[in-house]
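In the two complexes below, subunit A is the common chain; its partner is subunit B in one and subunit C in the other.
And then the complex of A and B:
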């Protein structure tokens, strides 16, 4: 293996990344700083204060919101990633000529807006939706039960919405894996399940990690789905920020909530990096 | 020959054929051969000749369209991979990056349920055999190319394979390591009396370590024989040009004392057996001797000289034909560019090839 020689970037290389950096500063870094400033600037008066943060951490309701947000995020990871893995595995290892089409189909839901897909779940899970009607018709239920408007519906919809992200991130990792490793394992006497447990699964860990992080981050930051599927009864950080911004008009508090959410992103990304480093130092 | 023929075939491949879906021609086309227990076979041929596909068909990694495989009398054509008991050293080594050296070597034992003392003893045995002592707990990524190669070999040997297969195992090694490693592999194979198949595109490699060589081209087996057979009695022009350096001349039999060579004229060289029409004759460059024009087979003008220390290689134009002549450094007076020289050789220095000259355009294939 050749080790690339590290050079000082030339002025031309600097010039090339300049537009991207400039765009990020204007559209990301600057608003972020503005947001941080808003969170410590009360609506009345001009003195800066941490009042919004104090309120956030003193009120047990917000601890509960934070806990619930993380719980829903983790629940989505625990359900979505194991569902995405077999699909990705099939798409990565299939020899079928339909493989390209199937891969496109697996990712196609991303072409549709989250709002529309969430409405789709409202139709399915609603009181007079597909599932209730079927169950009542089959005689399993005497009358429709409530499936929508709650944490259950929120998680169901989120899992479906986040599944394509899980599939692509695992697929991109699996397609980089050398299939000769699996062949070598088979020739050494490993049966299919042994190949899976001893070779394929351990080698898939980095891909599963990436998928988990992606699904988690998207789940805890999602607004539309908890808002629509929760029926106003699922309080997560994103919906709370939305309410504080548009209904309560308490921008400093909304800012404090946003910064808190960002802090959680940071913690989980750092955690992910640590685990990934440990995994990769082993392989 | 009779004595070796009495031992039964250990590995038998018959009529192996494989055409990949969408491919224009067969990658492996009706290949048959047998190998005795403890022999080393090299599959030799240019890239794309089907040698790796043939190896993978024997291993079970590539499906067989038609044909039969027998190992030690057992029909193995349809045997699933995990039950074949074949050891394979992949060109990329295909070592498990998530396992240590020792766990890589013991993988085949682990999946067979061989545990504890027995497994430890076997791993320790292979570690010392392959000079890997002290590296047992290393990660694969911490090893050099040569060390990885030895781990791959140890892992394949751990299962005591019926057949050991090596797919261009030296291709990813540093050029200085190759000779040593190939000698080591051969010594190991002979010591452990393992039946082995070794794929290579390097003729020196193929000839130097093999009991038998199978030369392949375009999916077909061109010749199967000992290294000496291939060199001294090549079946056709392809084998002759692939194994060693060669001169080909196209000749018509005149009578038992003369042949007529296209582009040169009549040569006073006799073949007792006659043939009809054109035949390709092979003369190895080192079998031609430069000398005075008297009593020479023919005369020519030296057009080029390459000096490599041990020998001089001359390109001599004879009529409309160019012949390559190799002379040892100490063999006679060196000729100069433009000299008129006499070329001397005898009937026994030539072999009559079975196919016609128009079959193949490659001539004087350079050897490395």
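And then the complex of A and C:
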């Protein structure tokens, strides 16, 4: 016997969803609109103006900053994704009873503070840190050098911080894949390396792309690591936004920089979706 | 088959090295936290718990700890209540625009925190909420709400509706069936939602950097401000304590519904 569960009246559903919508409007949607509004606020008068954007795009320094931001983002992708892929592959195919623990161990750092992990890299790369001490002890360096300041240190720390995101997005793609194709290839006599190049890698492309997008987007919007490890020498959009809001107090300009960052973010997401569509229509 | 074994070992070695790289900063911070020298260096000259004692007597760090726990608890609690209520409508509702609303509830996940931080700063400033606990709680609701909504939604989608029907047939009111049947069945998802929201708030630094820092200082902010100028073992000990504190919710989540599903893999 099937007793129909009475459909709840729709006003009740509106009542249920209303607090959530209100919370998102107040803490998310409105701040973003207000940010856009501030970026076109004139310094004098009442008519809206684009002078903050004009200043941004006329100044070659900011073009350099934008280029630098994208370069660091791409560098992070190129290093992080090839490191995340083997780990994800291992976790997806492992029969070990430690698999669950190892998966948790790869993801758990994502839930620990970025500030603390950046601090850890300051200790490792610092003047009296692990790397310098080892190199001097081994006689490779006569004097400790500064490794903890600048683009190199920033990229190393960012790669480590973003690695769990890369692993998790590749892993979730791999665990959705059928293992039948790989098994078929091995049964037909393909060597393991051949299975990898001809079957596994092409099938993993969408997962690798999602990981690349995620790592790129998180890298170009990261602030704490370039600020702490850049030693004042790494200029990216995020650090410029921070300086404009807290030191220069030029809010319209900070707003314009933020909207610009969001614009690049949007361009890359759109690009990713186009490429993914093409990849999926081919296979 | 000797060749196969070498390849296998090389493969495991590679995986091991990547794990080492991933965990290196946390391991190093743990080692340095036992040092006694006032400056940062590796390896430690001696092993003692003195810097832990110093952290626990540092009023600045203790205050930041209290602030972080309070903000994490409040924003996670509010986010869970609002998110659970919305999740019921989003999963079970029949109204136009349900799909777009589902997207809207997930959208803060895709927003770069730095952009949101600037927007929140500009919004909270005229309201006088900059550098206040209320401001931080509001800000953290926006970044945690997508997670609580999504985790509880997946729990609701898995609910066995025949149980509710059975409760109703046996004369339970809708409210009774909600309290006695639905809520207990959702318990793992509710706890996970709360803990994930707590962790995101507890570890969040970028938004806090923009909207707080003088009167309202959270733990990540306190560590950030400290290591800008000094890097002695005290901050390493504090970091270890913070990581240990995060580890408890992480382990509970892993036991309840598994960490990977909770963060969205």
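Going forward, the second predicted complex is superposed on the first by the 255 of 283 C-alpha atoms of A that agree within 3 Å, B and C clash if a C-alpha of one lies under 4 Å from a C-alpha of the other, contacts with A are read in each partner's own complex, and residues count from 1 in each chain.
Just so we're on the same page, a contact is a pair of C-beta atoms (placed from the backbone, for glycine too) under 8 Å apart; a residue touches a chain by one contact, two chains touch by 3 or more.
As the structure is a computational prediction, the values presented were derived from the model and not from experiment.
Q: For A:28, select first, second, both or neither according to whether it touches subunit B, subunit C, the two together, or no partner.
A: second
Q: Touch test for A:40: subunit B only (first), subunit C only (second), both, or neither?
A: So A:40 meets neither subunit B nor subunit C here.
Q: Answer with first, second, both or neither: which of subunit B and subunit C does A:135 touch in the superposed model?
A: Touch partners of A:135: none, neither subunit B nor subunit C.
Q: Using the touch definition from the top, say if A:199 reaches subunit B (first), subunit C (second), both or neither.
A: After superposition on chain A, A:199 lies in contact with subunit B alone.
Q: Would you sort A:110 into first (subunit B), second (subunit C), both or neither based on which partner it touches?
A: Only subunit C; A:110 stays clear of subunit B.
Q: Go through the superposed model and pick first if A:180 touches only subunit B, second if only subunit C, both, or neither.
A: Only subunit B is touched by A:180; subunit C is not.
Q: What is the contact status of A:191 with respect to subunit B (first) and subunit C (second): first, second, both, or neither?
A: After superposing on A, A:191 lies in contact with subunit B but is clear of subunit C.
Q: Please name the chain, subunit B or subunit C, that touches the greater number of residues in subunit A.
A: Tallying touched residues of subunit A, the top partner is C.
Q: Which subunit A residues come up in both lists, the one for subunit B and the one for subunit C?
A: In the superposed arrangement, which is not itself an observed complex, subunit A uses no residue for both subunit B and subunit C.
Q: With touch defined as at the start, can you tell me which subunit C residues reach subunit A in the complex?
A: Checking each residue of subunit C against subunit A gives 7, 11, 14-15, 18-19, 21-26, 28-29, 32, 39-43, 78, 81-83, 85-86, 88-90, 92-95, 101, 104-105, 107-108, 110-116, 118-123, 138-139, 141-142, 145, 149, 161, 164-165, 168-169, 196, 199-200, 202-203, 205-206, 209-210, 219-220, 223-224, 227-228, 231, 235-236, 239, 242-243, 246-247, 249-250, 254, 258-260, 263-265.
Q: Given the complex with subunit A, which residues does subunit B contribute to the contact?
A: On the subunit B side, the touching residues are 59-61, 81-88, 90, 92, 94-98, 107-108, 110-112, 139, 141, 155-156, 159.
Q: In the complex of these two chains, what residues of subunit A are touching subunit B?
A: So the residues of subunit A touching subunit B come out as 178, 180-181, 183-191, 194, 198-199, 202-203, 282-283.
Q: Taking the touch rule as given, give the residues of subunit A at its contact with subunit C in the complex, in rising order.
A: 2-3, 5, 7-8, 10, 13-14, 16-17, 19-21, 23-24, 26-28, 30-32, 34-35, 38, 83, 86-87, 90, 100, 102-124, 126, 128-130, 133, 157, 160, 163-164, 168-169, 171-172, 192, 217-218, 220-224, 228, 238, 241-242, 245-246, 251, 254-255, 258-259, 261-262, 265, 269
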